[in-house]
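Common to both upcoming complexes is subunit A, partnered first by subunit B, then by subunit C.
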Partner chain A sequence: MTSRMLGIGFLTPAIISVAIFFLLPVLLTVVFAFTNMSTSTGIMGGDYQINSEQLRSVSEIGISEESVELLENAGFQITEAGLTALAEQFGDETAEELREDYLGETFTARRDLERVLRNLDEPIRQTRDRKTAADLFAVTIIGERFDTESQFRAALEKTGVDPVDHDTLTEFAYTGWTWTTDNFSLLLELPSTLRFAANSAFYVVCTLTFNIVFGLFLALSTFYLPSKTANTFRAIWFLPRILPPVLYVLMWNWFTWDNGFIATVTGWFGVPPQNWMMQTTTRAWTVVILINGFVGASLGMILFSSAIKAIPTSMLYASEVDGANRWQQVRYIILPQMRWPILFMTSYQTLSLLTSFEYILLATDGGPGRSTEVWALAAYHTALNNYGGNLQYGLGSAYALVLVFIGIALSALYLRFFNFKELLAKPRIEQ
Partner chain B sequence: MELRLEKFTKRFGDTTVIKDMDLTVGSGEMIALLGPSGCGKSTTLFAVCGIHKMNGGTLHFGDRDVTTVPAQERSVGVVFQNYALYPHMTVEQNIGFPLKIQKLGKAAIRKEVERLSELVQIGELLDRRPAQLSGGQQQRVALARAMIRKPDVLLLDEPLANLDAKLRLEMRSEIRRIQRETGITAILVTHDQVEAMSMCDRIALMKDGKIVQLDTPEQMYSNPRSQFVAGFLGNPPISFLPATAGAEVVLANGQSIARPRDLQASGDLILGIRPEHFGPQHGEGLQGEVIFVEPQGREELIDVRLDGGGDIRSILSAGAPIRQGDRVNWGVATDSILAFAPNGVRV
Partner chain C sequence: MTANSRIWHLVLILAIFSAPLVIMYVYQVIDSIAQPDPGSLVPGAIDLSNWRFLWERIDTGRPSIWVVTFNTFLFASTTAFLVTSLSATAGYALSRLNMPGRPYFLGGLIILHAFPTITLIIAIFIILQFLGLFDTLLGIILVKAALELPFGVWILKGFYDTVPWEIEMAGVQDGASRLRVWWELVLPQVKPGLFALLIISFLSGWSEFVLPLVLAPGSSTQVLATFMNAVIQDDATADFGLFKAIGMFYSIPVIVIYLVFQKQLMNIYGGGTKG
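This part shows the complex of A and B:
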C-alpha cells in the first residue's frame, strides 16, 4: 500500500506537468478552434449592439433595404428620455406641454411630429430647431447597447423590422464570441491555406534532407579524424544548437544584412549592397533552411557519431582487410548499420520541424511577402501577431489544430511502420 | 608463400611494445604466436595484416615488400576473435564481400562463394544472417570470407576463444584441415597452449614483446630453453623445486634425489619436474603427504606437499587408491628433469 502511494507520489509532478503543459493547451486549442474569438469579441461574453458604421455592411448579410431603413429610423415616440433632453435644449415649458398632451404618442413620419412641435403654445419656431428636437424622439437601435438578447429582440420588435430578419440581426449585433465551424470552412476556402501548406512541406523536406545528409557527413568525417580534432570539430558544430535562438538568428542577420558580412565582402567586388536574406524568395528560403538545417544537423551529428562508434572496430578492420577503401567502408559497412538511427532522426525531425517556427519568425518573419510563411508561423501570426490589429484566436487555433492532427497521424504512422517499440527496446547494432 | 618479418618494431606513444622482432613463416606452414596477454602477439598480427603501421623493420610476402602496402592491397585474410561478420548481410554476401569490392561479376562471386562454403561445410546456410548462426557456424563463415580472395597469408586472431569446449575441439581440427587442404601460409594468435600445440607446425612463444623460443611443439615441450617456456607449456603444468646440485641433488627441503646423468651444472638450481615424471611408477625417493586429488576422468591429478616444504604434482591413471591425507614415497624420472639456473635459463 505504502509503495503504491509512493509510486503515485513520484508520478504526480509528471502527471501535473503533462496536464498543464500538454493536455490543457491541446484542449484549449480544440475549444478555441470552434469559436470566432478575436480581439474584438474578447474571450468573455459580449452584448448586443449595431453602430452606424456597421449599418453599411448590414445589407451585405441579406437584410432588406426597408429593414435597414427601419433600423436607422423607425418613426418617433414621445418618451421621458426624449422629453428630458428637450427640456434642457428648448426650455421646461415646451417639454411640459408636450408631456401632458403627447406622452407615449408615436409618429410614423417626421413631418407629423414637426407639425405638433410647431403648433404648441410654446412652439419651436425655427425649422432647424424643430428638426433637432424631432431627432430627440427618433426611435432607433443604432448605437444603443443591450445587455441581453431578449432586450435586443424587444427593441427590434419596436422598430417594426420584418421578423424574418430578427435572427440574422441578433447574431450580427452580438459582440461576444460564439461557437462556430466557420474557421475550418474558411481554411478550406482561403487560397493562402494551400500556400502555407506547400511552404511547410517544402520547408520540412528541404531542411530534413539537409539535416540528415549534413549530420551524416559530419559524423562520418569526424569519425575518421583523430579523436581530439574530432571532438573540437563536433563542439564547434554543436554551437548552433546550444546558442539561444535569438542570438543565433541575430548572427545570421548580421551575416546577411545589406551592410552585413556578405554584402561587405561582395561589395569589394563591385556588387551593390543588398539584403542577402530578404531580397528574393530563393535567398529567404536558402537562409531559412540553412538556419534550421545547422541546428538539426548538429543533433544528427551527435546521434550518428555514437551510432558509428557502436560498430565494433574489428568489423571495420575486417572490411579493410577485405579490400574496402574508405568510401566502400562507409557505403557497405557503416551506412547499412545506421538505418535505425537515420529513421529515428527522420521521424523525430519531421515532427519537430512541422511545428517549429521560432527561427523563421526571428529571421524572415515569413517574408518577403509571405513566401516563407509556414503553417505554424501562419497560426502564430493569425492568433497572436496579426498586422490588422485584430488577433483571431479562433482561426489561429484552427490552424494549430490541423497541425495537432497531422502530428498525431504521423506519430501513429511511425509507430506502425518503423515499429518503434522494437527500435527502442534494444540496440540495433549487433556484434 | 613465405612470410618474412625482420627487425619489426612497434610503439604506442612512448611505449615500445615490440622491438627488433624477427619471424619467418615458411610457405604452407602454420605457426602459432603464443603467449600471455599483453605479450604483443595480437599487435604483431595487426601489423602483418596492415591495420597497424610498423614503426620499424620490414615485412615481405615472398619477394614482395609489403611493409608500407595498405591493408586493402596486402592480400591477407583475417579471422577475428569475434568473427566481425557484417550483421546486415547474409552469409553469402558476407563471404562474397571481398570479391564484391573487387567488382567481380555476380556469377563469378556466386561460384567462388559456393566453392568456399563447400570447403568450410556451410553450404545450406547461405541465406541466413549472422545472428541466426551458432558460434561454430559463424567461425566457418569468417574463415570462408578470409579465404575467398585466395590470400597469400591467413591470419587467425584467437579464433577459438569464443567457442564452447566441444566446438573448440571440433574447430581446431577443422581449421587445421582447411589450412592443410589449401596449403596456405598461416599465423595463429592464441594464449591457449593446447591450441598452439595441436594445430601448428611451429610455435613462437612470446613474452614482453619478444619471441623467447621458436620451435616445433614437441621440441618446445621436451626441450624448453627457459623456465618461462617450461612453465607456459604443459597441462597440467610443470612443478618447480629449488635445489642444490653436488654429487647428489639436494632439494631446499632437505630431501635428495639422484643426479641426472646429463646435468653439467652444479650449485643452486631450479628443477622442473613434469607431473608424468613423478609418481609410484618411478620407484621411491620423495616423501610427502597428499594434499589434493583432482579426478579428471581418465586421469587423476595429485598434489603432494613434500616433507620439509615444496609442492609437486603427479598425474596417475584414474582408480589409483590415493586419498587426500595419504603418506606417499614416490620416485622421480631423474633423467627427464629440466634444470634451470636461478635466472631461469636452461642448464
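This part shows the complex of A and C:
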C-alpha cells in the first residue's frame, strides 16, 4: 500500500467527523443567522395555514377589511367537488338537481344556501342534515392546512380575496421559517446588545488579569518553596481544573449562598444571613470572576511553572552570585523569559473566556437580573433555553455568528503570530 | 534555588489565598457524611442519609443513579475510545505520511485546536435534530468525540514526531507494508501518548456538562453532570448535604485518576490544552 493511499485512508474518519461537527456547523450558523427559525416555525420547513386567532392580526400587515371578511366568511359556492361529496351522502338525485340549477353559483349567507336545499324537488328535510350539506360547499380557508404554496393560492383564488393581497397573505400563512436579515437589525436596535458586549469585555478583562497575575504569583511562589510544600499547593490549585464543573460550582454555591460558609461565619458577628453571590451585581461579578479566575490561575500556574523550569539554572545561580535579591531575580531574570508564555496564555484565554459560558450558567445564570449575562450566555439563552419557551434559533445564531467570526479571526491570527508548533510544546509525559 | 529563612512569609500568603479552596474541599467531604448543625461549622454525628440516593429514588420521576452512572460511563469511555483511535490514525497520517494537502491539514488542525467549539452548539443542536440523533447517547458521543478530535490529533502527532525514523525504515526494508509497520512497530512506541489521551478524554467526557444539557435533555439519557444539576435546580431548600454526597459519588473516578496520574496529568495539561 502506498503511503499516499494509507494517509488518505487514515485521515478520512477524522475528516468526516470534523466536517459534520465543525465545518457544517460553522456554515449552518451563518445560514441560520439569516432565518427566523424558532420553536414555532420548526426546522424542517412548514405548511400554509391561517387560524382564527391569527386572523385578528391580518389587518395589521396591510390587508384590507374586505379581504379579511372574505377570508373568514367567503360564503358558499356550488362546486363539482362539493356536489360529488353531496351525492355520496345524500343521493345522486339531489346532487344532480343542484348541479343543473345552481352550479357555479355563490351564496354569501349560509341561510340562503340552506333555503335552496330545503326547496329542492328532492329536499334535504332535517335541519341538521342541511347544515352538514351546506358545509360541503363552504369556501373558507381559516384553520385549513395546505401543504404547498400553489394549493394555498388556489384556495385564496376561490375565496375571491383581492389578488393584490395574495402575496402578503401567502407569506403570512407560511408556518415554516423564512430568510430574513431581521436578526441583525434587531441586534443593532436592542439596547441589551451593547450591554452583553460590555459585560463580555468586562468579564474577559477582569478574569484574564486575575488569571495571569495570580497564575504568575502561584508559579513563582511555588518555584521558590521547598518541593514538598510546593507540591501541596500545586495539588490544591490543580484540582479545580479537573473537577467536574457542576461540582466545582456547587462548592462555590455552598461557600457563598445564604446557608453556606460566608453567611455562617458572618452570622457569628451578627450579620443577617444573605446570599453572598446573588444579592448585588458587584457580588455576582466578584464571584463569577473568582470562580473562573481560580480555574484559569490553575492553568496559568501549570504553564508558567513549566516555563520557569525551562530557564537554565546557571542564569539564576549567576544572578545570585552577582548579589541579586529575590525580587531582582524575578524582575530581571525570570519575567523577561515569561513574555511568550504570558502572551500565549493571554491570546488563548481571551478566546476561550469570550466564548465559554459553562461556569456562569452554573453559578449565576446571568443574574441577578441580567447583570452577569455575557454575550455567549445570551446566545445560549436566546436559542437553547429561555423562560418564554419559544427558542429563537435564528436570533441565537446571529449572536453566535459574531463569536464564530471572532473565533476564526483570532485563531487564524494566532496561527500567523505565534509559532504554534513551539508554543504548544510537545507533550512531556514521563514514562 | 537556595533556601530562604523568610520563606514562611510566602507560605503564609499562599495559605491565605488557598484557604477558600481548602475550606471547600474539606467541607465537601464533611457535609456529605457528617453535616454540621445550621449556623455551626463543627461536624455533627456521622450520618449516611445524604447518600440515600444510592439505594432509593430521591424523588419520583428521576432516573435511578445507577442508570445515570452507566450512561456517564458509556458516554465517557466510548468518547475516549473514539477520540483515541481516530487520533491514532489521523495523527500518524499528519506526522509521517506523504500525501496531498498535508500542510493545509496541519494549518487547519492548528486553527481548529484554538477555535472555541462551544459557539457551534446551536448549529449542532439543529444538525442532531435533522439526523434524528437528538436526545440520544449516540448523538452526544459523536459530537463530543468530534469536538475533542483536534486536541487528540495534535497530541498524538506530537508523539509520533518523536518516534525515530529508523524504526520504520527497518520495517519497510524488511518488506512490511506501511500499515503493518504502523501497527506493529510505531504504535507500541506511542503507547504512553495513547494512554494519556485515553485518560484525558475520559475525564473530559466524565465532566462534560453543556453538551448533554443541550443535546440530550431527556431523563433516559441523563448523565451525572445533568443529573446533579437537575437535583440542585429542583431543590428549593438547598440541601447541600445531599448535593455534596452526589458530588462525592460523581467525582470518585476523577479523584482516583488524579491521585494515580497526578504528575502525567499536570504535564499534559501544561502542554497547552483548552482552558
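To be clear about the criterion, the second predicted complex is superposed on the first by the 344 of 431 C-alpha atoms of A that agree within 3 Å, B and C clash if a C-alpha of one lies under 4 Å from a C-alpha of the other, contacts with A are read in each partner's own complex, and residues count from 1 in each chain.
The rule is short, and it goes like this: contacts are C-beta pairs under 8 Å (C-beta built on N, C-alpha and C of every residue); 3 or more make two chains touch, one makes a residue touch a chain.
The structure presented is a predicted model; accordingly, all values stated were derived computationally and were not measured.
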| item | value |
| --- | --- |
| Overlay on subunit A: subunit C relative to subunit B, clash or fit | fit |
| Subunit B versus subunit C as contact partner of A:320, first or second or both or neither | both |
| Which of subunit B and subunit C A:409 touches, first, second, both or neither | neither |
| Touched partner set for A:264, first subunit B, second subunit C, both or neither | second |
| Most subunit A residues touched (candidates subunit B, subunit C) | C |
| Contacts of A:190 with subunit B and subunit C, given as first, second, both or neither | neither |
| Contacts of A:81 with subunit B and subunit C, given as first, second, both or neither | neither |
| First (subunit B), second (subunit C), both or neither touched by A:356 | second |
| Which superposed partner A:18 touches (first subunit B, second subunit C, both, neither) | second |
| Which of subunit B and subunit C A:306 touches, first, second, both or neither | second |
| Lowest C-alpha to C-alpha distance for subunit C against subunit B (Å) | 7 |
| On subunit A, the residue positions that both subunit B and subunit C contact, one per complex | 320, 429-431 |
| Sites on subunit C touched by subunit A in the complex | 1-4, 7, 10-11, 13-14, 17-18, 20-25, 27-28, 31, 38-41, 86-87, 89-90, 92-94, 96-100, 102, 105, 107, 110-127, 129-130, 142-143, 145-147, 149-150, 153-155, 158-159, 161-162, 177-179, 182, 192-193, 196, 203, 206-207, 209-210, 214, 224-225, 228-229, 232, 238, 240, 243-244, 247, 250-251, 254, 258, 262-272, 274-275 |
| Subunit A residues touching subunit B - in the complex, by the definition given at the top | 312, 314-315, 317-325, 328, 332-333, 336-337, 339, 429-431 |
| Interfacial residue positions of subunit B with respect to subunit A in the complex | 46, 49-51, 70-74, 76-78, 80-82, 84-89, 97-98, 100-102, 130-131, 145-146, 149 |
| Partner subunit C, residues of subunit A touching it in the complex | 1-4, 6-11, 13-15, 17-18, 20-22, 24-26, 28-29, 32, 37, 43-44, 214, 218, 221-226, 229, 233-247, 250-255, 257, 259-261, 264-265, 267, 294-296, 299, 302-303, 305-306, 316, 320, 326, 329, 344, 348-349, 351-352, 354-358, 361-362, 376, 379-380, 383-385, 393, 396-397, 400, 403-404, 407-408, 410-412, 414-415, 420, 423-431 |
